[in-house]
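What follows is a single structure, written as structure tokens, with notes after it.
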Amino acid sequence: MAYLLRRLLHGALVLVGVSVLSFLFVQLAPGEFFSDMRLNPQVSPETIRHLRAQYGLDRALPIRYVRWARSVAKGDWGYSFAYGLPVSKLIWSRARNTLLLTITSALLAWLISIPLGIYAAERRDRWGDRVTVAGSSALLTVPDLLLALALLILAIRTNAFAAGGMTSPDFAELGTVAKIKDVAAHFTLPLAALVLGTLPIFFRHVRAGMIEALALPSIQSARAHGIPRSRILFRYALPAAANSLISLFGFSIATLLSASLLVEVVMSWPGLGPMLLEAILARDLYVVIGAVMLSTFFLVAGNLVADVLLYLSDPRIRRGPA
Amino acid sequence: MSRKRMVRIAVVLLSLLYGAILGAGFLAPYDPAEQDRAHPFAPPTRLHFVDAEGSLHGWPFIYGLIPSPDNFAEYQEDRSRAFPVRLFVSGDHYSLLGFSCRRHWFGIDEPGHIFLLGTDGYGRDQFSRLLWGGRISLLAGLIAAALSLSLGMAVGSVSGYFGGFVDDTLMRLVELFLAMPWLYLLFAVRAFLPLHISPTVAFFLLVVVIGTVGWARPARLIRGVVLSARERKYVLAARGFGASDFYLLRRHILPQTMGVFLTQAALLIPQYILAEVTLSFLGLGVGEPVPSWGNMLGSLQQYHILASYWWMLAPALVLVPVFWGYQVLADFLHERLEFGH
Amino acid sequence: MVTTEPVIRVQGLRKTYVHERPFSREKFVVRALDGIDLVISAGSSFALVGESGSGKSTLALCMARLEQPGEGRIWFEGQDLFRLSGPELMRVRRHIQLIFQGTAAALNPRFSAEEIIIEPLRIQSVGTRTEQRDRAVHLMEKVGLPPVWLSRRPHQFSGGQRQRLAIARALALEPRLLILDEAFTGLDLSIQAQMVALLRDLQSRENLTYVFISHDLSLMAHVADEIAIFDRGRIVEQGQPSRLFSNPCQPETRALLEAIPGRRSVLGLGQS
């Protein structure tokens, strides 16, 4: 239990660290949301000074940080300059869409890569393995950006999938079933881009972990004793590879979050990505910090889940420092 | 294909690519910023060997291009005017190793145009821009990786060699950096830099940003190597001869990080090239009029351009051989150097 | 014999290692050295004999100032070893040389034999490049390795040849105290004899002191003029070989004597 508490504390520290780091970057940054206004003759310097005071931009960095932390505690996550709204109001629906996309693609990618990885490791250097490895290597050489663009071209050319956005313009008038269908049609493309982009990475990871497990002396000797192949695979090798599979869980979240940022922008999926980009271009600082914090939070949460799984699967940790 | 041959091909391919971007001025027929308003979105020029009368030519030639009077960006070949492809022609100025030159690899006599990869919306030659843009993108990858690796090397070796409190602090920082999704981190850092800057400044800022974001992983790996290397008996033996910390690091410990260093370089460089391309694609990187593979792709955010003018995808397509080459290298180095022979 | 300053004087040396189990709070303490007192006079050949894990190598490392003891002091020619620093330490490092147990690990696999032999010379800035090279050739010949092998890497040598390479390196700085941790283990008898002859020859010409470490009592009886029997971090018995063989006082010594195959003949040799 102490182990999990320690991991929890560590995750919290990471979040605090990231927020401090973000604020430090703000300090170093030239220009802010209101500096563009200064060029506007219709806005008096008085108004700008007033606005800056209202948002607390005239204060010292530590004070701003404390204020921001207080607003996080209240659940506001700071204010957006551009929308005049609490960041949390803006961010939640976006975060939901990002999660929908990343979690579905993670599940799909695992569903494909884990059996495939096990299969390839089991028949290492044989025909089946060579083909899958070559396929994954080929996919790995296609950058995410190209993959997303190519899929978009395919969609536009064939008209088979809805390209761009999450819903059609007439979404509001559709019935429930049609609504779900509509979202699903929009969903296919970004999902495909994410799954195809991350699949080779996951596959390689699973395969390497399994190969390592199969090479363990205990499993080699089980083989020598003539225990059937499937039994070796599922009763011995899979548990031995558990650690690497669990670590895949943690690290796939990081990979997917980064990949989805780009895919969302290219395919105009209304997730955190386009919002972050817009906020950067508008210098809407707290929105930027909010999006970064949220993505870090997802990551930390994912790693924590992986830690819990590891804790459950690995008796050494459980028996450890009580 | 045997492993060795594949590595050899990868090295040759990468050398050719880097050679091409270094010789961009000579290889490119046009100036990358030169606009030709009469030819927006012209398709790739076709090289012909057989003329209208059906007779075969030993040397390729092209036909003139007539914009369609009704539709924007539609063209027809003008069969009445043929232009042979000429080698070593004199054209726009460029500078090579500080010398001003105007000799180009190939070209076409006025008023013909040769667009091997078509043109963009301003009628700029995509082939020339691809070569010049590669300078920005490939160089950004190299410099940023060098920056990351030297940071990682410094942090990793100090951390691993001296251990203790310094090690603990630095490793917490590494975990912090590793805990963030890197593209978000990249965005966040970029977010706090000025938006409108000259392309040169943008290039250097970009390189610095990309380079500083990625130091954590190499730092952790190098720390691991240093940590195990400093426990070696021959390090202890050298200490027994009176060796200083600096000597031990230089002669015994850092040479062992070479494997990790090179493998990480082969992994980081393509990743950083993609980072530059992505940021410039989204308008956060190097901007007009300087071409980079990223900002050349930027216009594809408009779906109609993406759907109609496939040659605009060329900068994304050249990333494939670059990625392939580095992937082969990385796999090879990983097996060969990190796990010893 | 006129009492001169001993080469090594060890007093109350203690060293403990704490072993931590991974994933566990359980710790246990190993007393590698548990109160060692020792005097080694100049020009002598001293042997430390004890069973595996008794702390011999730990003592060797402390004497070469490569390991910090928990308690106690060591004087080298009257200088307190653990108080030295800077140029003085540098000078002492030159005079004390240790040949590590398991020589393969003590030679950097990336170095050539030449680089290995001249490394101490380089670190101590002794001689010019050509002088260093000449010295390397000379040392190779001395330990019976062909100088043309100087460009080879350690893995291209056999185990015994590597040991000789390590001896050559240790001799490069012309030390006054040479500690040989299991330096003869694994060498065949003729090479052993050759090495012993080489060391004897060196000792007679330059006033060298040897500390041999081994668990082979019969071999030590042959080369040493004083033997200390080591057990669990302590010296349980000490004396001249003939005395130990004829009249062992401690059970540990007797156990070591039992372990010698064909003991009688060796006994004869020890007493001669």
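As written, the chain order gives the labels A, B and C, with residue 1 at the start of each chain.
The criterion applied here is as follows: contacts are C-beta pairs under 8 Å (C-beta built on N, C-alpha and C of every residue); 3 or more make two chains touch, one makes a residue touch a chain.
All of these numbers come straight from a predicted model, not from anything done at the bench.
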Handout entry: Smallest count of steps, each to a touching chain, taking subunit B to subunit C
Key = 1
Exercise for the section: Could you tell me which chain lies farthest from subunit B when each chain's centre is the average position of its Cα atoms? Expected result: C
Problem - Distance from subunit C to subunit B - Cα centre to Cα centre, in angstrom - result: 56
Handout entry: Interchain centroid distance [CA atoms averaged], subunit A/subunit B, Å
Key = 26
Fill in the blank from the handout: Averaging C-alpha coordinates per chain, one finds the centres of subunit A and subunit C separated by a number of Å equal to 58
Problem - In subunit A, residues with contacts to at least two other chains - result: none
Problem - Junction residues of subunit B - those touching two or more other chains - result: none
Handout entry: Touching residues on subunit B, where the partner in the complex is subunit A
Key = 172, 175-176, 179-185, 187-195, 274, 277-278, 281-284, 297, 300-301, 303, 306-307, 310, 313, 316-317, 319-320, 323-324, 327
Completion exercise
Per the touch rule above, subunit A residues touching subunit B in the complex are 10, 13-14, 17-18, 21-22, 25-26, 28-31, 137, 140-146, 149-150, 152-153, 156-157, 163-164, 254, 257-259, 261-262, 265-266, 276-277, 279-281, 283, 285, 288-289, 291-292, 295-296, 299-300, 303
Practice task
Please name which positions on subunit C make contact with subunit B in the complex.
Solution key: 61, 64-66, 89-90, 93-94, 96-98, 100, 102, 105-108, 110, 119-120, 123-124, 173
Handout entry: Complex interface listing, subunit B residues touching subunit C
Key = 232-234, 236-243, 247, 252, 255-256
